[in-house]
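Here chain A shows up in two complexes: once beside chain B, once beside chain C.
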Partner chain A sequence: MGDSQYSFSLTTFSPSGKLVQIEHALTAVGSGQTSLGIKAANGVVIATEKKLPSILVDETSVQKIQCLTPNIGVVYSGMGPDFRVLVRKSRKQAEQYHRLYKEPIPVTQLVRETAAVMQEFTQSGGVRPFGVSLLVAGYDDNGPQLYQVDPSGSYFSWKASAMGKNVSNAKTFLEKRYTDDMELDDAVHTAILTLKEGFEGQISGKNIEIGIIGTDRKFRQAPALTLSPFSLKLYGGVMLMRKMTFWL
Partner chain B sequence: MSRGSGGGYDRHITIFSPEGRLFQVEYAFKAVKAAGITSIGVRGKDSVCVVTQKKDKLLDQTSVTHLFPITKFLGLLATGMTADARTLVQQARNEAAEFRFRYGYEMPVDVLSKWIADKSQVYTQHAYMRPLGVVAMVLGIDEEKGPQLYKCDPAGHFYGHKATSAGSKEQEAINFLEKKMKNDPAFTYEETVQTAISALQSVLQEDFKATEIEVGVVKADNPVFRVMSTEEIDEHLTAISERD
Partner chain C sequence: MSIFEYNGSALIAMVGKNCFAIASDRRLGVQLQTIATDFQRIYKVHDRLFLGLSGLATDAQTLYQRLVFRHKLYQLREERDMKPETFANLVSAILYEKRFGPYFCQPVIAGLGDEDKPFICTMDSIGAKELAKDFVVAGTASESLYGACESMFKEGMEPEELFETVSQALLSSVDRDCLSGWGGHVYVVRENTDVRCIFKHDHSDMILLRSIKYIEKELNMLL
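Moving on to the complex of A and B:
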């Protein structure tokens, strides 16, 4: 990886034992748009703000939540271009697993391989770490799972997590509201309320994205239509839940 | 305590600064602005139009261009460093031709834009290549989605746009276009072209002659990418001045 002139690592230890480039990468993540994920008893939901640089941007051309396999989805906070690279690599890894074993890749394995890629870029010559943290949501034989992967390549399984600009408020909110026996509908409702907490401006179906996976093991994205501004504002999510449950 | 500035190299190659920024990428954006040219793109109901300035009057105008056909159906307007733009165009032409050969159908606008953006991302992550100092606007008619205008920047971002701008007066132009496109108008071909040209005129505060601007268009009824002739540009300029 990298030209021979750069066959030394750019990420090196500081005298105090820190890998400074990784810390800077985490800062880049921390200044990215807020995203979060919640694991319910019967599924997982991930959500993110979708703030576009101008009203001139065609929001249908932007998709921050991507699916890696039919039963695994991912969202990020941080640098969009870096995210695309990881999505591409992860999809290829999932497909290679499937070709070899004729089975869908388990969530933990895909997370592990993606994390390994991210770690490589903290040690290889001539490259910088990825400026994204990922939230991977999937449903396999081990049930619903939610993992967070950091630029360093370390990953953890979470019941609920948040990343990006509003991380501390969002996590506090989630800690208060999370229950182990939450249903998927409640989780979606909570996710939207958490996003709303730190949202600058008017929240609507056009400036957030939601991805959901339930017991049917099919990762789906909420179409903007079901998140009408009317439902989000006036009914604080109750009407929204009714609209969402019909297609869950 | 660790040294704050990453050994001072964070300004020379694309590694993170302490605030989590990539200075080389930010400098690449500045290089685009430093070229002193502003470009504008507008997407209408069934057409897309891009406009850019031709700066130097003493240059042989037929040899200067920022508007490149990538395939018969895809156009690219490059704003920024011309030499970097030529590399990008060469690679894009190659990629689009290979796509057509491999898959048997024309490369769509968004696929080409994604390819350009992914290549730009590689330059932001690998130290041995600097980011290109070019913002590329790609236009074409998509078989399924209709007219498309995409903008790709040195950071590796790419978005579809209803209207956009790049170059030295980018922000002023975007403000102007936001006002015009606020209620999601569906411009006809003439309105699309005239909005693009009048936006450029308003932002640069000068009235152009037909030889001072370059205009490229694609229309749904004839999806070939076309650079407008001076006569046609003249017609549109006259229409604009009469309208005002």
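Moving on to the complex of A and C:
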């Protein structure tokens, strides 16, 4: 429309009422690796692809799923370095809350403060928005919760959501498969199946990451699982899921 | 004269069976002169949390306003009331912020926590918390208060008995302190009810006993 003239400056609205930089940030997110989260009746699971640029990269050094507090974890789609900065800020905010109140921060409060940080970067001079969308999973006194936070600073609570490359297929898949009374291990199965849907190449324990939080309120990462490729092919990943449930 | 003894005050909080009592004197003075005989030192933060502030009256009022401000914002953001332990930590943090120019107050915090478990604590003017299982005291009459409470306290008192104990401990202690007295405010809180009693102090045992009995009757009706 005339939008391109306004697309360079973050702090100027375009005639169509958009902040074009934020739209571009969302595009950056949309071309990032797929990640998803599912809220079960007794916990939350978040998962992401971990496609590394080369087989020479040491995959144990890459951690896309991080914990913000012992009972809150987060995964992202988009730019890794921006994610690291947000994780650092969120952890500090959670600790400041704890120092003031000696209580673990509720999930909604942490999400709100992280979203406020992301919004700051859409209204200040000389900065750009964060190129990540976050999926925050936590368990507190209000039960299991799953929130998505966008580069604009808006946040939504989801029962199940996906972000990144394969988002529309993944969301359709999740819509079909999601039930309100799902248990945590069902949710993990569904998460892996959803990831498998849009996966290019062979899915294995080494190129996905899974994070889980249950009624024990402790966020844990699934360890790297080694799987025989034959069994994966045959059962379409069932062996992988069985191993995960055992570990659970 | 110490700044803490400028206005004069006496505060007690005591734990009973699934209830607590918090009491204060009613005198506001400027050194030896009495200015008011109905001064309020105990404030309700929410239905299950009471705060008493002893020491310099102006600091007590300002500190109370700041804490209410923080609590209201917390209620709006988190859509719930603050737990007593959380509130105590907040008070401690706020007092320590002014470590090198402190508020000249000693707060006494009393509340019902999870599962109606009574919680009391006090702290010094720079936020050192002192949690207690039985009673806490503060103010110019604190030494007498400690003695009176120690001898009168029993574990697991019901609200009526707790009220009597707290009132007697308060009155007998402030009688020995020229800077505090002129009656008392007593709050006895259990689950969803709190009973507030004010009595004027007359130096007459008979009248005191009578007023306590009268309030007891009211208590029985309400509790």
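As a working rule, the second predicted complex is superposed on the first by the 217 of 248 C-alpha atoms of A that agree within 3 Å, B and C clash if a C-alpha of one lies under 4 Å from a C-alpha of the other, contacts with A are read in each partner's own complex, and residues count from 1 in each chain.
We adopt the following convention: a residue touches a chain if its C-beta (ideal position, glycine included) is under 8 Å from a C-beta of that chain, and two chains touch if they have at least 3 such contacts.
Computed from a predicted model, the values in this text were never measured in an experiment.
Visitor: So, does A:Lys218 touch the first partner chain B, the second partner chain C, both, or neither?
Guide: Neither partner.
Visitor: So, A:Lys51: does it touch chain B (first), chain C (second), both, or neither?
Guide: Touch status of A:Lys51: no partner.
Visitor: Just checking: does A:Lys102 make contact with chain B only, chain C only, both, or neither of them? Give me first, second, both or neither.
Guide: Only chain C; A:Lys102 stays clear of chain B.
Visitor: Between chain B (first) and chain C (second), which, if any, makes contact with A:Val85: first, second, both or neither?
Guide: First partner only.
Visitor: Of the two partners chain B and chain C, indicate the one touching more residues belonging to chain A.
Guide: Chain A has more residues touched by B than by the other partner.
Visitor: Any idea which chain B residues touch chain A in the complex?
Guide: Per the touch definition, chain B meets chain A at residues 1-3, 6, 9, 13-22, 43, 110, 114, 117-118, 120-121, 124-128, 150, 155-157, 159-164, 174, 177-178, 181-182.
Visitor: Please output the residues of chain A touching chain C within their complex, sorted ascending.
Guide: The touching residues are 99-103, 106, 108-109, 112.
Visitor: In their shared complex, at which residues does chain A touch chain B?
Guide: 1-3, 5-6, 10, 14-16, 18, 20-21, 24-31, 52-58, 60-62, 79-82, 84-85, 88, 121, 126-131
Visitor: Can you list the residues on chain C that touch chain A in the complex?
Guide: Those residues of chain C that touch chain A are 77-78, 82-83, 85-86, 89-90, 93.
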